Amino acid sequence: MALTAEQEAEIAQARAQSVPTRRATVPALEEILFAAIPVLDHGFIRVIDYMGDDAAVVQAARVSYGRGTRKVSEDAGLIRYLMRHRHTTPFEMAEIKYHVKLPIFVARQWIRHRTANVNEYSARYSVLDREFYIPAPEHLAAQSAINRQGRGAVLEGDEAARVLALLRDDAARTYDHYIEMLNEDEAGRVQDEGRQGLARELARMNLTLNTYTQWYWKTDLHNLLHFLSLRADAHAQYEIRAYAEAMLETVKRWVPVTHQAFMDYRMGGVHLSAPGLAILRRMLAGEAVTQESSGLSKREWRELMDALGRPG
Amino acid sequence: MALTAEQEAEIAQARAQSVPTRRATVPALEEILFAAIPVLDHGFIRVIDYMGDDAAVVQAARVSYGRGTRKVSEDAGLIRYLMRHRHTTPFEMAEIKYHVKLPIFVARQWIRHRTANVNEYSARYSVLDREFYIPAPEHLAAQSAINRQGRGAVLEGDEAARVLALLRDDAARTYDHYIEMLNEDEAGRVQDEGRQGLARELARMNLTLNTYTQWYWKTDLHNLLHFLSLRADAHAQYEIRAYAEAMLETVKRWVPVTHQAFMDYRMGGVHLSAPGLAILRRMLAGEAVTQESSGLSKREWRELMDALGRPG
Amino acid sequence: MALTAEQEAEIAQARAQSVPTRRATVPALEEILFAAIPVLDHGFIRVIDYMGDDAAVVQAARVSYGRGTRKVSEDAGLIRYLMRHRHTTPFEMAEIKYHVKLPIFVARQWIRHRTANVNEYSARYSVLDREFYIPAPEHLAAQSAINRQGRGAVLEGDEAARVLALLRDDAARTYDHYIEMLNEDEAGRVQDEGRQGLARELARMNLTLNTYTQWYWKTDLHNLLHFLSLRADAHAQYEIRAYAEAMLETVKRWVPVTHQAFMDYRMGGVHLSAPGLAILRRMLAGEAVTQESSGLSKREWRELMDALGRPG
Amino acid sequence: MALTAEQEAEIAQARAQSVPTRRATVPALEEILFAAIPVLDHGFIRVIDYMGDDAAVVQAARVSYGRGTRKVSEDAGLIRYLMRHRHTTPFEMAEIKYHVKLPIFVARQWIRHRTANVNEYSARYSVLDREFYIPAPEHLAAQSAINRQGRGAVLEGDEAARVLALLRDDAARTYDHYIEMLNEDEAGRVQDEGRQGLARELARMNLTLNTYTQWYWKTDLHNLLHFLSLRADAHAQYEIRAYAEAMLETVKRWVPVTHQAFMDYRMGGVHLSAPGLAILRRMLAGEAVTQESSGLSKREWRELMDALGRPG
């Protein structure tokens, strides 16, 4: 991540201002407000604004006239109860807004979460920066042999070098041609007075999917947690998980009680099917159940044993 | 509207607090934060929280690093351009949360707007207050003779008196029976130790639709304006319009530039159809178009003449 | 449920028509298409239209050119995999539309599910039927003493009789007054030429919440299953559960493979928290864990033992 | 567009089937069901399924028991009234599903419409086809000099040739390297046994934004029309407009009455602001209003004169 001096100055100026408010305010989140938290090689997330705190969840659940909070332990108990029993609407009453810089192929996964507000930097209107995501060597994973939608071991040696060279060269070349077709540089200066320049909305099609874009993204706490439960999960692609993990840290600052409940009941939990539950009860009753006697398919049996942390 | 002393105290306490924040803050809205603004006979709206201001719209449209604002006139020009051309996503980047007390039949119209977050006071869990909406005499309208979905002249004399008496008596009687069936009063005190009391989730079915309920309602600025364009409109039922008009005043305090653009381009504007536009062009060219020569149906012709403020 | 002869004839006429289509068609669902399935005392659900079948889920998951289906067992395996791993978007590719007659207090719970399309019968425009929900004696439950949002034992004797009488009388009286204020009967005939009649949009406020309304309600299979997982659940209020259970039967006819996967992985399953899972692993390893040694609160411990079907 | 023989056969097979249904069926749409309608150089749209017809809009608006339709002219009048007065919910009661092949940069614009269901071909899981969008010479537009988000004249001569060559070469080269990094061809055959191959989810980042992807996309009639009003509009980028125009033709087959109302009241219409309307009334009263005497900014004045088809 390399912010320009001008961008750094804009952020510093925004951070320097402080005014009084009657609204619910969270000092631990204010501390990092506007600051760019690096993700991947050139990306970042920045918390731009927020509404509400842990108490706002309680207040909405109680439809109260004042702050609506009681003893700390009672409020925490209510939040944990709501999370455990999937009473989701009170968590919709807090809102957060991020500024995110991210590779286009990550943006394409991210945007599938529809319950959010988005303003993306427009490549119809402006010229994109010369920044591409190139995986660090330890993330240059081979295709998984057993899971069509997964990664295997890390590439090494010549193959790794060749891949990195291809990614770098192709991104650089297609970007240079993008600028050439536009006939203007990143700052919008015309290159060759004798040419017209291709329309920006067309020239952008020459860019590769690891080019960085950026957007403002705003959502409520419930939908944010749903997003994070999927994208901070081990099955998510590493690149979007890197963003989700950075965001999870901001959630911890913002709504620590909700964050803890989320880690206990959602992230670290497991869903057992009706047949799985029946088997579990047999096991607790002392029966030595095997895949054969379980009635489950091999795949489901393995998933169940994995969930229970047993050799299978 | 009659808040209890306890409610007044809770609100006063919330209003008394002030802490520093780095967030965009709007003094004119802070001034009324948490305060109950009366609507109808026992209802109110209260602004509970907000995120963003006019500048947040500009900032999102520009995907900027800092506040993103320039000269005041330039920012206003951008907001007006976005409103005029229905670029709606930047207006989704500001958010507001209300606490509303409203009759159930109004709540049923309101909830049809799905792009909002809602937490309603639960009559499965709690006992509702003894408050019903009774129209003021000047709003006791007869059924319109020409519009099946509209109001005609105001009822007067005996008919008005009879209607008001029926509304009052039925609401009071059904509420009293609700309390009797519950076997507990508004404060939850058991009435008759010899009875069990009907489940709250069942007893509520005896209440009339003018009973007041309350909820927390949160939405973004774009969807709020869409709601207001429909519900502050002359075709909306008076009772929900009363809420919309009170909310429109809070929008004016919150985002004055957006509010003005909204009044100019949405509330005061008119949509002309393709055939209507063709007729208008003929009129501007000097032709004396009549309904017969217009090709429009009588109804559409009347709607067009109304829009143009002409006798028809 | 009492349909008028005219309504019966309209339904029979619609059912009599049959035309050829190239679309995915489900004979078992066609069999009951348009037919009114009774729910509660005067309500019903009717399947009005549908799009897709089990194969449509498979087809969307594979983004295929043709039907996209392979061997029956392979398709079922894919559907079960998608359900188990919460890959929800393929289930959004099938759609269903219901006509529902239901008490207003049930409609108010139902409408909280926002991801659906709704057209409700308008009491601003038309006169509502003289039909109210009166619970059958076996559903006249007392308030639960231990759960503020629940039902206890069934009321009996004098208390039950008194409650039923109150519900019946109040609904009838407020409806009669509604008609009197309107000055027109259910068929729209003016009663007293000397009166104007209160506007329909106002008169309706005198009705009680057990009055029946009706609507067209359309949603996709994923959101329908989410609705059913909450409303066919034992914690749902009996009255809405009655609708959910009737709808679940239509799902079984429509998409039998998806229905079975739903019953196995969602309805009959259980979610274990991270701390709960840790305790379970200790139990499977042979440890005799107690509430005290579990680290869980009493409430969470009881919930976990309930889930595992153990005495606690 | 070049479908493989296998894809053609799958489509032909699906089209050959016909079964009876009781559902609302539209022969004119059935005629083209499943058939690929070419868009751009390699793209297409295919109607995969639909629910409802013009009568379904009427039926929902009337919440009727049977088909709900009356005389053709009466039904058309109701549909036109609903469209004119933006009563949008009845149009949500019809649904359509498309299979679309489109360049990724078009997909990125399209996906911003959130009220739809989407299943995209997964490049985490599968290998993308070797197909890129290359604009036809007549669509190779220069950047507009006056509108930052628009196109100017068409590029010609050397500049056009150079742009086309760059687009072709870069897409081909990055695709070849994609295949090389994957170490498998489009059909999934391993290339070099001595290499592991980069994970598919990573290799895809080397592709350019004009690479074709495909998805199933399903939405209701109201949201489809909203999409088309923005994307079949003259201000939309040509490439997405090409899709919107092809879809508009399918709407015409599907719901001809709704389509005509949409063309009259939405596509061909114009929205006048409150100040614009005031000026129009002055003009109709015979006053010769100029920009100076109008009170409008130059930009707004020009927009108004354009809308009214006047020289300005």
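Each chain gets a letter, A, B, C and D, in the order it is written, and its residues are counted from 1.
Following the convention adopted for this analysis, a residue touches a chain if its C-beta (ideal position, glycine included) is under 8 Å from a C-beta of that chain, and two chains touch if they have at least 3 such contacts.
Small disclaimer: the values here were computed from a predicted structure and weren't measured.
Listed by label, the chains touching subunit A and subunit B alike are C, D. For chain pairs A-C and C-D, the one joined by more C-beta pairs in contact is C-D. Homomeric contact subunit B/subunit C: same residue numbering on both sides for over half of the interface positions. In this assembly, the C-alpha centroid of subunit B lies 29 Å from the C-alpha centroid of subunit C.
Distance between chain centres (mean CA atoms), subunit C to subunit D: 35 Å.
Each of the following residues of subunit C touches two or more other chains: 89, 112, 118. Across the complex, subunit C meets subunit A through its residues 77, 81, 84, 89, 112, 263-265, 267-277, 280-281, 283-284, 297, 299-300, 303, 307-310. Touching subunit D in their complex are the following residues of subunit A: 103-105, 107-108, 111-112, 114-115, 118, 122, 124-126, 133, 135, 140-144, 148-153, 155, 159, 163, 166-167, 170-171, 173-174, 177, 180-182, 195-202, 204-210, 237.
Those residues of subunit C whose C-beta lies close enough to touch subunit D in the complex are 3, 7, 9-11, 13-15, 17-25, 30, 33-34, 48-52, 56, 59-61, 63-67, 89-90, 92-93, 95, 97, 99, 117-121, 214-216, 218, 220.
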